[in-house]
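See below for the structure under consideration.
Order as written gives the chain letters A, B, C, D and E; numbering starts at 1 within each chain.
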Amino acid sequence: MSSQDKTAVQPVGGKTADKVFRGVAYACGILILVVLAAVFLFLFFRAWPLIGGDQAANSQTVSSFTGGKASSFWGYVLPLLFGTVLVSLLALLIAFFVSIGIALFISHYAPKKLATALSYVVDLLAAIPSVIYGLWGGLILVPAIYPFWNWVANHLGFIPLFEGPAANPSRTVATVAVVLAVMILPIITSMSRDIFMQTPRLHEEAALALGATKWEMIRLAVLPFGKSGIVSASMLALGRALGETMAVLMILSPGLNYSIKLLQASQNQTIAANIAAQYPEANDLGVSTLIGTGLILFLITFVVNFIARKLTEKATA
Amino acid sequence: MDGTPEIDFDRFRPTRSAIQRRNIMDRFMWALIAVAFVIACIPLISLLWTTIVNGIKRLNLNFLSYNMTGVVGGSQTPSGGYGGVLHAIIGTLEITAGAMVISIPIGLMCAVYLVEYSNRGKLATTISLLVDVMSGIPSIVAGLFAFSMFTILLGPGTINGFEGSVALSLLMLPTVVKSSEEMLKIVPNDLREASLALGVTKQRTITKIVLRTALPGIVSGAILAIARVIGETAPLLMTAGYISSTNVNLFSGQMTTLPVFVYQEYSKLSANCPPNADATCVTTIPMERAWAAALVLIVIVLLLNLIGRIVAKVFAVKTER
Amino acid sequence: MGQRIDVNHENIYYGDFLAVEDVNINIEPNKVTAFIGPSGCGKSTVLRTLDRMHEIIPGAHVEGEVLLEGKNLYDKDVDPVAVRRDVGMVFQRPNPFPTMSIRENVLAGVRLNNHHLAKSDADDLVEWALRGANLWEEVKDRLDNPGIGLSGGQQQRLCIARAVAVHPQVLLMDEPCSALDPISTLAVEDLINELKSDYTIVIVTHNMQQAARIADYTAFFNLKAVGQPGHLEYFADTITMFNNPQNEEAERYISGRFG
Amino acid sequence: ACGDNTATTTDNSSSSDSTSKSTPISGNFSGAGASSQQAAVEAWIAGFQGTNPEAKIAYNPSGSGAGVQTFLTGATAWAGSDKALADDEVEQSKSVCTEGTAFDVPVYISPIAVVFNLKGVSDAGKHINMDAATIAKIFDGKITKWNDPAIADQNKDLKLPDTAITVVHRSDKSGTTQNFVSYFKDVTPDNWTYDLSENWPNEVGQGAKGTSGVISTVKQADGTIGYADFSQVGDLGTVAVKVGDKYNEISAEAGSKVIGDSKQDDTVKGDNRIVIKINHATEAEGAYPIVLVSYDIVCPAYKDTKQAEFAKAWLTYVTSDEGQKAAQDAAGTAPLPSSLKSEITKSIEAIKTK
Amino acid sequence: MGQRIDVNHENIYYGDFLAVEDVNINIEPNKVTAFIGPSGCGKSTVLRTLDRMHEIIPGAHVEGEVLLEGKNLYDKDVDPVAVRRDVGMVFQRPNPFPTMSIRENVLAGVRLNNHHLAKSDADDLVEWALRGANLWEEVKDRLDNPGIGLSGGQQQRLCIARAVAVHPQVLLMDEPCSALDPISTLAVEDLINELKSDYTIVIVTHNMQQAARIADYTAFFNLKAVGQPGHLEYFADTITMFNNPQNEEAERYISGRFG
C-alpha cells in the first residue's frame, strides 16, 4: 500500500476544493443581500417615472385610476395603505385569540393522537393556495355571513366600527378580515404550538406543584414562556396578511376612503389587491404607479418583519 | 431566626369560594379554548368540503389529460370532455421546478455559509436578519420584481415561465435558507469534529458528512417550501401569463399554472351555448373547471406535504442513540 | 406541623409499564426520610405519587393507597390541585419562573388563592419564606430583580421558599442538590435540617453521604433488572441503614460494590 | 402539443371553401388583451385552426391595457382592446410596425346588459323598463329604492317592492365600465357628470372584480343591480332600455342595430383605422343602445412576413360571417353590421404580406 | 510506530480568554500518557491543541510550540488537515457517522480523503482496523449494518478503529470511556493497552483508577479558581503520581480531598 501512504499525505485537490466551496458559500450568503437590494432597485427603477417623469402625466394617471378622487401619488397610496393596515390588523385581531386557543388545545389539552392529527391539519391549511380562499370567500362565505353582520349592525351599530346598514352582499372589510384571519390562523397556530410544546417541563411542574389548576399553570408557565414567540408569529402573520392579494381581490368591494365602517361596502382597498385589479388595464405610466405602490408595500412588510425579528432576538437574548 | 415575621397562615388558606372561583375559571378557559377550536374548524371544514364537493364533479381522467385548446363555449370536445388542466399541471410543475433549481442551491449554500463558515459574525447576523425579513415579501411584490427585472434586462413584453420561476424563487429562498439552516444546526458537532479529526478537509466534511446527515431534513424542508409557492397566483399572472395550449418550453412563451387556471376559469364564470345546442353543452362549465382544478391543486399540495413529512420521518438519520 | 404519610400496596404505572411494584412505607411526621437506590429504580416515581404529580404524565396511573394523615389522596372526591397545595415539591433542577421577580416567585403560589394580597401581608410573607429558606440576607436588597439572575444554589433555595410560602404540611424534594456546587449544597442541607421542625420532608438523593448526613429514615429502592419494576427493598432508620443494614442488597449498594 | 383537443373534421368541412387563403398558415402566434373577447377568441382560435391546423395561437386575456402594452413591444401579433388606440399609442407603434402605424378593426360587438336581482321580478323572468336618466340616477346613488316613483312610473304593470337598491359595479379598470358610462354621458349628461374613465367614478354600492365578480355579487343578494357583458347574464333579470319611446330588451341583434346606426370616428389619427363612434342616442327601431365594441389591433407590416400573413388571415376569418357566427354561438355577441364590411376588408388588405 | 510530542510554552486562548497557561510537557512515544485534573482545568483544551483541533472553534488560537518528532505543528507551512491525519482523535461520546455502515465508518477517513480503494484493499483495511480495535469478532457478520446500531462500547471501539484506519502516529482520546458501562470500559482499556505498541497515546480521564490502570505517565492539570487559566501542575510517571506525588495539590486531588 505504498501508493496509498504517499497520497495520504497529499490528498488530491483538497485545498482548492476547500477554497472554492468556501467561496461559493460565501457568495451565496452575500447573494441574499444582493437579491434584496435588487428587489428594491428594480422596483425603484421601474417606478422612477413617478419621481423623474412628467408630473402632469403622473397626476393624470392617478386620477384615471381613482376616477378623479386623487391626483397625486401620495393621495393615492395613503388611503390604500390605510386600507391595507386596517384589514390586516383586523385579521390579526380575529386570528390571534383563536390561534392561541387552538395552539393551547393542541399542546396542552388534546390527547396525544388527536394533537398530532390536528397539527398535521393545521400545517396543511397553511399551504392552501389563496386563490382557493378567494373562491370560497367570495362564493360561499359572503352570502353566508350576511345575517351575522346584519345582526351586528343592528345591535352594535352604535359602535362606529359596526355602523350600519350592513352591506348585502357583504363584500366588506369585515368579511375579508375573516377570510384573512382564516388564512393566517395556521401560521400563528403552528408557530405558537411549537413554542408552547417547548415550555420547559420544569416550569410546568413547578406551577402544578404549587397547587395550580391547568389554566393557572398555563398562565404561570406556558404563556410567559411563549410570549415572544407569539408576538413574532403574529408579526409574521401580519406580514402575510399585508401582502395577501387574491383573496382580497376576489372578495372585497373596494373604496379609497379613510373609513372604519367595517360593515359597509366600497370603503377601503389594499395595496396588493389594488395592484392586481389595476395592472391588466394599466398603461406604461400606470404600471410605474402601481409598482410605486408595490414598493411602499415592500417597505411596510420589510419594517413589520424587521420588528418581528428584533422582538424575537430580544426575547431569546 | 430573629426578625422573622409572624404569619397567620389561616388567613391565606384558600376559602371555599376562592377554590370554587378557580375551578370555574379553569373550566371556563377550557371551554373557551375548545370553542376557539370549534370556531376555527367551521371555515376550514367548509372550505375543504366546498372544494371537494364542487371539484369532484368534473375531476376525471379526461380533465387531467387534455388542455384547453379547441374548447369553445360550453360545448363538448371531440374527446367527450370539456377541456382540462394538463397544460396547467405541466406549467405548474415546470415553473415550480425552475424556482427550485434557482432557490435550493442558493438557499442551501447560504445556510452552509451561515452555519459552517460565518462564525456568527456581523455579516452573518445581517444575512439571517434579512432572510427573516425576506420571508415576508408579499407575493405580488415578488411578481412585480420579476416583471421589472425582465422588462429592464430583456426588454419590455418579456413573459415566460422562467420569469415566473424567478418570482417564485424569491418567495422560496428564505424558506429554504431557514429550514436548511435549522437542519444543519441540529447535525451534532461531534460528527464535524470526528471527520475533521480524521484529516478530512472542511469542504468534504460538509458535503459528505454534514449535508449527508441533514439531507432528509433539507429535502423535506424544500418540499414544504415548494408546497408554499405552488399555489401562488398573482405573481404568475403578471410574469408567466396564460395560454390554453401546452407549452413545455420554460424559457419562451407563456405558461399557465393551476392557480392561474383556477382564477381564469372563475373569471369566465359561465360559457355560452349555440342556440340549438343539445344537453352536452354545459353553460356552467368554467366554474366547474375552476373547482376541479382547485381540487387538483389541493391534492398536489397535500401530496407534497405528505411526501415532505414521510421523507423527514422515514429517512431521518438517527443522530442520537 | 408536618403530617404523616402511609403508603399501602402501591403499584405505579407509566401506561402499561409497571414502573414500581407494591410499595409499603410509613413516613413519620417532622422527620426527614431519604430515598436512595440505583438509577431507574423508581425513587422519583414514588416521590411524585405522594402529591399526585405522577398523573400529569399522559397514561400514568397509580394503584393502592397513599394516606396523608389517614386520608387517601387517591380517593375519588380528592382534588389533586388541593393535594399539591398541602404537599410541596422541590425539583432536581432549580426552576424559578423566569419572567418573575424574586418576590413574585415567592408569592406565585399564594397569589393563586389570594388575588388581592395586601402589600404588607405580601411583604411579611416574602420575608418569612425567604428567611425560612435561608435566602433573605442575600436577596433582601434586590427582591424585584428576576429570579433567574441568582446563582444555582440561590435559585434552589428560592424554589424552596416558593414551596414553603404556601405553607404545606409535607415537602418533597427530588435530588435538590444534584445540580449544585458543594457550598450551595451545604446551604440547602442546613436548610433541610431546620425545616424539619415544621414539615415532613421526603428527599431523593444519589449521594449517600448526604442521606447519612440529613435523613432520619432511609428507604432503599432497588430493581432486579432493567425493564423490571422497581421495589422498596429495605426501609430503616438512617443509622441502621448505613452502619448495620439487615439487607444484603442494601449493604452491597451502600458499600459501593454496585450501582 | 400534448393534450390538445383536436377538432373533428365535421366542424370545418363547410368552412374550408370560404377561406380564400390557399396555403394554410403555420407557426406560433400570440395575442393578448381584452378579457371580454376571451370566449369569442377561443371560438375563433378553434375555427381558425380548423383550416390552419399547423397554426398554434395563444391569447392571454390579460386586459386591454396590458394587451396594447405588449403589442407595442412587438411581443404579440395582435392586441385585443375594448377601446381604440390613443394618439400617442399610434405614434408609438411606429417602432414595432416596420411600415406605417398600427390600426384597429372592430371585431367584437356585445351588448352590455343592465342586470338585476329582485325577488318577485327577476325570478319571475320579468324585465324592468328604464330610461337612461333613471339608470344613471340609480348608478349615481340618487335613486335608492326599487319602488321609487321614477322606476314605478315606467313599470305600471309590475309590483315593485320597497327593497333598497344595491348598485354593483366593476372594481377593476374595465372597457365595459367605460362603454357603459359613455352611454350616460351621451344620452343624459346632466345625470352623469363624472369624467369618462375605465374606472368606476363614485362609491355608490359595491365594486366587484371582473364580469364574473359583478355577476356573482348580483346573484348573492336581493335588490342588486349591475352591468355586464350580455354573454354572462344567465338567468338574471335585465333592464329594457328606453329608445325613442319604446323600451327595447337586450339581444344580440338589437345591439348590432345601434352599430349599424353609428358613424365612424373620422377624427382619429393614422391610416386604415376603423373606430366606431357609438350612437347611443339612436332612435333606430329595436336597437339596444348600450354596447361594447372591441377591436383587434394589428400592424400594416411586420418584421416577420409570417406574422403579417397570420394577421391578415386571422382578421379575415374573424370578421367573416363564419367567424362572427362562431363568436355569436360561443359568446352571444352581436354580428358586425354589413355596412362596415367593405371598410374592414379594405383595412385588412392594407396588411403587407410580401 | 508512535512519535514523540514536545509542548513548549504553550498558551491557549478562546478568543481573548486565556484558558490554559504555559504548558510544557514531553510525551514519550509508544507510551500512554494520561491527563487528569478537576473539571474546567483545561485537559480537553490541551489535548485538542495536539492535533490542531482547537482552532476549529471560532476565535480560538494557540501560542508556543507543539513539536511532533521535532517539527512544529504550528509552523506557517503546516497544513492542519495533514496534521490531523497523522494524529488521530477519539472523543468522549462515541460518534460514528450515522449515515454510514460499520464498514464505511472504518473506511471514512480514507474514503473522505478521496482515495479510491480497491475492494480487496478496503476489505483488508477494515478487517485490520476492526481487529486492532478488538471489534472484528463482534461485527464481522454485519459489516453493512449501520454503525449507529451498535452498543455504546462497540461504537466507541468502532470510532477507535476509524481513527486507526488512517494510520496515525499518535492517538488522542478525550474521556473515551466516560459514556460507557463498566464492561465496555474494560474492553476499551484492554484495547488501549494493546495499541500502545503501535501508537503514542494521550488520554484524558476523570477516573483516577483508570489513569492508574492504563497510563505510563500522568499529567495533573489544575486551576487556581474558576475564570483563571488552567495550568500543568505536576507531571510524573504514573506510579509516582499515585503512590508518592511530589506535589501537594496533586496529592490532595488524588486522595479525593477536592474536585
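Following the convention adopted for this analysis, a contact is a pair of C-beta atoms (placed from the backbone, for glycine too) under 8 Å apart; a residue touches a chain by one contact, two chains touch by 3 or more.
Here the structure is a predicted model, which means the values were calculated and not measured.
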{"item": "Any chain in contact with chain A as well as chain D", "value": "B"}
{"item": "Both-way neighbours, i.e. chains that touch chain E and touch chain D", "value": "A, B"}
{"item": "Relative to chain C, chain with the most remote C-alpha centre", "value": "D"}
{"item": "Relative to chain E, chain with the most remote C-alpha centre", "value": "D"}
{"item": "Chain pair, most C-beta pairs within the contact cut-off", "value": "A-B"}
{"item": "Centroid spacing, where centroids are CA-atom means, of chain B and chain D in whole angstrom", "value": "38"}
{"item": "Interchain centroid distance [CA atoms averaged], chain A/chain C, Å", "value": "48"}
{"item": "Interchain centroid distance [CA atoms averaged], chain C/chain D, Å", "value": "84"}
{"item": "Computed distance of Cα centres, chain B from chain A, in Å", "value": "14"}
{"item": "Multi-partner residues of chain B (each touching 2 or more other chains)", "value": "22, 199, 201, 204, 237, 266"}
{"item": "Chain D: positions in contact with at least two other chains", "value": "35, 62, 69, 216"}
{"item": "Overlap residues in chain E, where contacts from two or more other chains coincide", "value": "81-82, 85, 113-114, 166"}
{"item": "All touching chain pairs, where touch follows the definition stated at the start", "value": "A-B, A-C, A-D, A-E, B-C, B-D, B-E"}
{"item": "Complex contact set, residues of chain B against chain C", "value": "1, 3-5, 7, 9, 11-15, 18-19, 22"}
{"item": "Parts of chain D lying in touch with chain B, wherever the complex brings them together", "value": "1-8, 28, 30, 32, 35, 38-39, 42-43, 45-46, 49, 56, 58-62, 69-70, 73-76, 210-212, 215-216, 231-232, 234, 326, 329-332"}
{"item": "List of chain B residues in touch with chain A within their complex", "value": "22-23, 25-26, 29-30, 32-37, 39-40, 43-44, 46-47, 50-51, 105-107, 109-110, 112-114, 116-118, 123-124, 126-127, 129-142, 144-145, 147-149, 151-152, 170, 173, 177, 199, 201-204, 206-207, 224, 227-228, 230-234, 237-238, 259, 262-263, 266, 290-291, 294, 297-298, 301-302, 304-305, 309"}
{"item": "Complex contacts: residues of chain B adjacent to chain E", "value": "119-120, 188, 190-201, 204-205, 208-209, 212-213, 317-319, 321"}
{"item": "Complex interface listing, chain E residues touching chain B", "value": "51, 53, 56, 58-59, 81-86, 88-89, 91, 93, 95-99, 108-109, 112-114, 148, 152, 155, 159, 162-163, 166"}
